[in-house]
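Labels run A, B and C following the written order; every chain starts at residue 1.
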Amino acid sequence: MTSTLPRTLVAAAALTAAFGAFAQSNVTLFGVLDASVAHISTDNGSVTGLANGGQSSSRLGFRGVEDLGGGLAAGFWLEAGIGVDTGNSGGFSFDRRSTVSLSSNAIGELRLGRDKSPAYLNIETFDPFGDVGVGGIGGSNLIGSATSAAGTPEGSAPKRVSNSINYLLPATLGGFYGQVQYAFGEQLSNIENDTLRDAVALRVGYGSGPLNVAFGHGEVRGGTTAVGVDYKSTNIGASYNFGMVKPMVVFATERGNGRRVDLLGIGATAPVGAGEIRAAFSMFKRKDIDDADSKKLSLGYGYNLSKRTQLYGTVSRVSNDDRANRGLAVSSSALASPAIALGSSVTGYELGLRHSF
Amino acid sequence: MTSTLPRTLVAAAALTAAFGAFAQSNVTLFGVLDASVAHISTDNGSVTGLANGGQSSSRLGFRGVEDLGGGLAAGFWLEAGIGVDTGNSGGFSFDRRSTVSLSSNAIGELRLGRDKSPAYLNIETFDPFGDVGVGGIGGSNLIGSATSAAGTPEGSAPKRVSNSINYLLPATLGGFYGQVQYAFGEQLSNIENDTLRDAVALRVGYGSGPLNVAFGHGEVRGGTTAVGVDYKSTNIGASYNFGMVKPMVVFATERGNGRRVDLLGIGATAPVGAGEIRAAFSMFKRKDIDDADSKKLSLGYGYNLSKRTQLYGTVSRVSNDDRANRGLAVSSSALASPAIALGSSVTGYELGLRHSF
Amino acid sequence: MTSTLPRTLVAAAALTAAFGAFAQSNVTLFGVLDASVAHISTDNGSVTGLANGGQSSSRLGFRGVEDLGGGLAAGFWLEAGIGVDTGNSGGFSFDRRSTVSLSSNAIGELRLGRDKSPAYLNIETFDPFGDVGVGGIGGSNLIGSATSAAGTPEGSAPKRVSNSINYLLPATLGGFYGQVQYAFGEQLSNIENDTLRDAVALRVGYGSGPLNVAFGHGEVRGGTTAVGVDYKSTNIGASYNFGMVKPMVVFATERGNGRRVDLLGIGATAPVGAGEIRAAFSMFKRKDIDDADSKKLSLGYGYNLSKRTQLYGTVSRVSNDDRANRGLAVSSSALASPAIALGSSVTGYELGLRHSF
C-alpha cells in the first residue's frame, strides 16, 4: 500500500507533434477477477467446472477524465471482459464498454461508442445477484433469440450496443437520472428489407436516500436474423434500503420474434455480519403459448474479507412447466451445458472468490 | 491532476529469478479515442453511422525507455488500434506497433518488430488530414490491391510491416532524419516461386525551423497474391510553416500488380481562434489506362477544447472520371460501404470528438 | 527514473456502488519484449526471419496483491504472451496466466484460473535456456501429440492448464516448496466416452542456498483427440550453484498416444564478465520404437547491458537417428518451418535483444 500517493495513475499524454506539446493526464486502471467452482444438474446429467464471474463479471479496464474548466470535462472508458478460467481464450476486446465523452455539470453527458443499453440496466440493478452467475435473474434475453453480433444493434434484448450516441442527464437534478440512446444500424439507405435498422432506448429514474426507482424502454428495428424482427422491451424496478434489509422488485416484458415473455422478480439483500445475504424469486410467463412458464429461486451469501475481496456462495433452482426448458446461466469458456428437457428442473450452485482492483 | 508527480507510470520490472533482482522501471500508458458521426452518399444510396478515428486513429499503448548510461538507451513500444465504435469486436492486438529498441545518441536506433513503413510515412505527414477519416488523402494503397496480412510484408503499399529490422538516424544531425527498414519474408530458401520474398524501405528528410521536406521509397518483392507481384513506391513531400498558414505538398507514385498510379496532394493547415482549418486537394492519375483519374477536395475545422480534446468537422468530395470509381475511407467496424459506380462522385462528412491521454 | 516513488502502480479500485466506497489498490504492470534474428537450416533448405522470445518469452501483464491483515492476502495475475515480431497478429489474450488467489503466510495459497502445469515446471527450470528459443530443451511435448486447446486440459504435455484449482505450499517451510493442481474437464457426467476428463499435477521441491531439486508428475485423463488418450508425465531436476558455474540436470519421461519418450538434459550456466554462458546437451530416447533417438547440443552467451536489458546469441544443433526427425523450436508468427527429413540434422542460431519492464 502506498498511501501517500493519489488513487489514479499518472500517464503521459501520447500527443503527436500535430497535437502540440505533451500534457499530463490521469489514467485509472481497474478490474475485477471472479472465479468460482460451479455445478449444474438436471435430468440429463450434471456438470462441474471452474466458472467466471459468478458474483461480478470479471473485467479489466482503463478510464480517465480531463477537466476542461467551466464545469466541462472530457473522458474515456475502455472495459474488457475477462475469462479468468481460461485467460480469454476467445480473444480480448473492449466488449463491455468503449466510449469517449464530453460532459457538463449543468447540461449532462454526450457519450459515443459501445455502452450498455439503458433498456437493460434495470434488469441487473434490481436483481440481488446483478444478473450474473447461477443466481442471476437471467433477464437479458427473455424471448430467447438474442444474437450477440457486436457492432450492430443485436436482434433481441441487447445488453450492450455498439455504434451508439448517448445523452445522460447531469447529476445535479436532485436525484433524477436518465439516459437516452440511439444506435446506428449502419445499413445503406436504399436497402428495402428489414434485416437491420437501428435501435433506440431510454431510462429514467429517481434515486434519493433509501429509495431508487427507474423505468426503461427499448426498441430494435429489424434484426440480425434472416427475416428481420422488431423487438420491444419495457421494464420498471424499485428498491428501498431499510438498513436491515433492502427489498427490490423488477417487472419486465419483452416482445419480438413472434413471442412475448413477462418477468417478475422479487428479491432482497441484507447485511449480516461482515457479509450480505441475497435472495431472489423470479417468475417467467410466456404470453404467446400456455403451460410454458418457469420459476426460479436463488439464495446466496457473500462474506467480505475486505472492501475489495469477497468469498461467496450461491444456490439456485429453476422449475419449468411442461412446455418450458429454461436453464441456468454460468459464464465459463468450456463448461458443457446439459440439455434441459421440457418440464425438467435445474439446480446449480457456485462457490467463489471475487477480487477487485 | 497530480502535478507533483512525473508524467510516467512507475512499474516494477517483472524479472524472474533468472534475471536477477527486481529493478525499477517506467511505463507510459497512452492513447487516443476518436469517434464521429459519419455520412457517405453516392448515386447508389447513402449510409450514416458511428465511425472511428475520423481525425486521429484511436489507439491504446504502452511504452518505456531505460537509460543504460553513456548515451545508450533501451526501449519498447506496444500500440494497439482501438475501435471505439464497437470496442474492438474483431479482437485486440498491437497491430499499430510492437518494437524493442537499442539506441545511442551518437549512432542512432536499432528497432526490431512491427513498425510503420518509412515508404509510407510521407503520405500521412504531408496530408493536412493525416491520411485518416473522410478527409484523408487515401494514399496508403494507390494501386488498389493491398492485402493486410499481418506478419508478412504485404503485397501492395504496406502501411505497416512485421518482422522488420530498422535503423534510424540519431536526432543530433542538425535537422536531418532518416530510417532504413528491412523486413524478412520468412520463406524457405529453396522455394522457387515468387509468392513472397522480403521488403525494403527508406526515408530521408530534413526538418528545421518552419521547413520540413522528406523523400521515401519502398519495394516489396513478391506478394501475397497467388501470382507474386513486385511493388514499388516512391514519394516526396514538403511543408513550410508561415505561422498564419502551413502549406504542404506530397507527390507519390506506386507501381505493381500491372498498374501505376500517381498522386499529387496539395493542402494547408491554418490556426484560427482556438482551432485549425484544414484543406486539401488531391489528384489521382492512372498511368496504365486512360480516363480513370479521380480528384478529391476536403475541408475541415478542428476546435481545441484543450490540448488533449478536440471537436472537429470534415467534408470531402471525390469526382471520378468515366472509368474510375474511387471512394472515401471511413474507419468503422460495421458501416456498410455503398458501391461506387464508375464515373460517380462521392460525398462524405464527419462530426467528431477526439480525446487523447 | 523516479527513484522516490515505489515500484508499483497506484490505481483506483473500480468498485461499483454495490461494492461500497472506493478503495486504493496497487497494480503492477510488467513485461518482457524479446526479439531476435533467427536462422534454421536442414537438408531441405533454410529459413531466416525475425523471431520472438529467443531468450525469454515476450509478455505483458498486470498483477496486484491486497494485504487482508492477519497474514492473509488476496491477489490477481493476468499475463499475456506478446508476439513482438508481428504485434500479436493472432489476437491478444491472457494465455500465459490468469488467476485470482487467496493466500496465507502459514497455510499457503489457493489459486484459481489458468496457470502453468506443475508437471511442466521442472522442464524449464532446469534447462539453461528456459525451454525457449533455438537452444531450449524442447521438453513441453515429448510424445509429439500436444494440442493446445485453451480452456481444456490439453491432450498431451500441457504446459499451461485452464479451469484449474491450485494449492501452493507457503514460503515458510525452510526451503520446501510445492504445488498441487486439479483442472476440470468440464464435461457432462453422463458422457461415457473418454474424449476428455480432467487433469491432475503436482510438484514438490527443496531449494536452499546453492541447491535446488524438484520432482514433478502429471496426468491428463482423456484428451482432445478423437479417440481419448491418457497422458502421464514424470520428471525430476536439480541444480547446484558453485558460483563460478551452475550445473543442472533434468530427467523426464512421458507416455501417451501409444508412445513413450525419455529425455535427459545436462547443462550449466556460468557468469563471464557482464554476462552469462549457457550450455546444454539433451538426449531424447523413443522407448516404443528403435533407431528413433535424437541428440541436441546448445551453446549461448548473454551480455547484460543492465539488469533489464540483454544482448544474446545462441547456436544449437539436433542430430537425429535414421527414424527420427526432431526439429528446433523458434517462436515466430510467420516463419516457415523447413520439413525435417528422417535422419537429418538441423542447425539453428539466434541473435537477439531482450528488454524487461
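Basically, contacts are C-beta pairs under 8 Å (C-beta built on N, C-alpha and C of every residue); 3 or more make two chains touch, one makes a residue touch a chain.
All values reported here derive from a predicted model rather than from experimental measurement.
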item: Interface residue overlap between copies chain A and chain B, same or different (over half shared); value: different
item: Equivalent-chain rotation between chain C and chain A, CA atoms, steps of 5 degrees; value: 120
item: Centre-to-centre distance between chain B and chain A (centres being mean Cα positions), rounded to whole Å; value: 36
item: Chain B residues counted as touching two or more neighbouring chains; value: 5-6, 8-9, 29, 91-92
item: Interfacial residue positions of chain A with respect to chain B in the complex; value: 5-6, 8-16, 18-27, 29, 62, 64, 66-68, 72, 74-76, 78, 80, 91-100, 102, 110, 112-114, 150-152, 162-165, 184-191
item: Interface residues, chain C side, partner chain B - complex; value: 1-3, 5-9, 28-35, 37, 44-50, 56, 59-61, 82-92, 130, 305-309, 311, 332-336, 338, 353-357
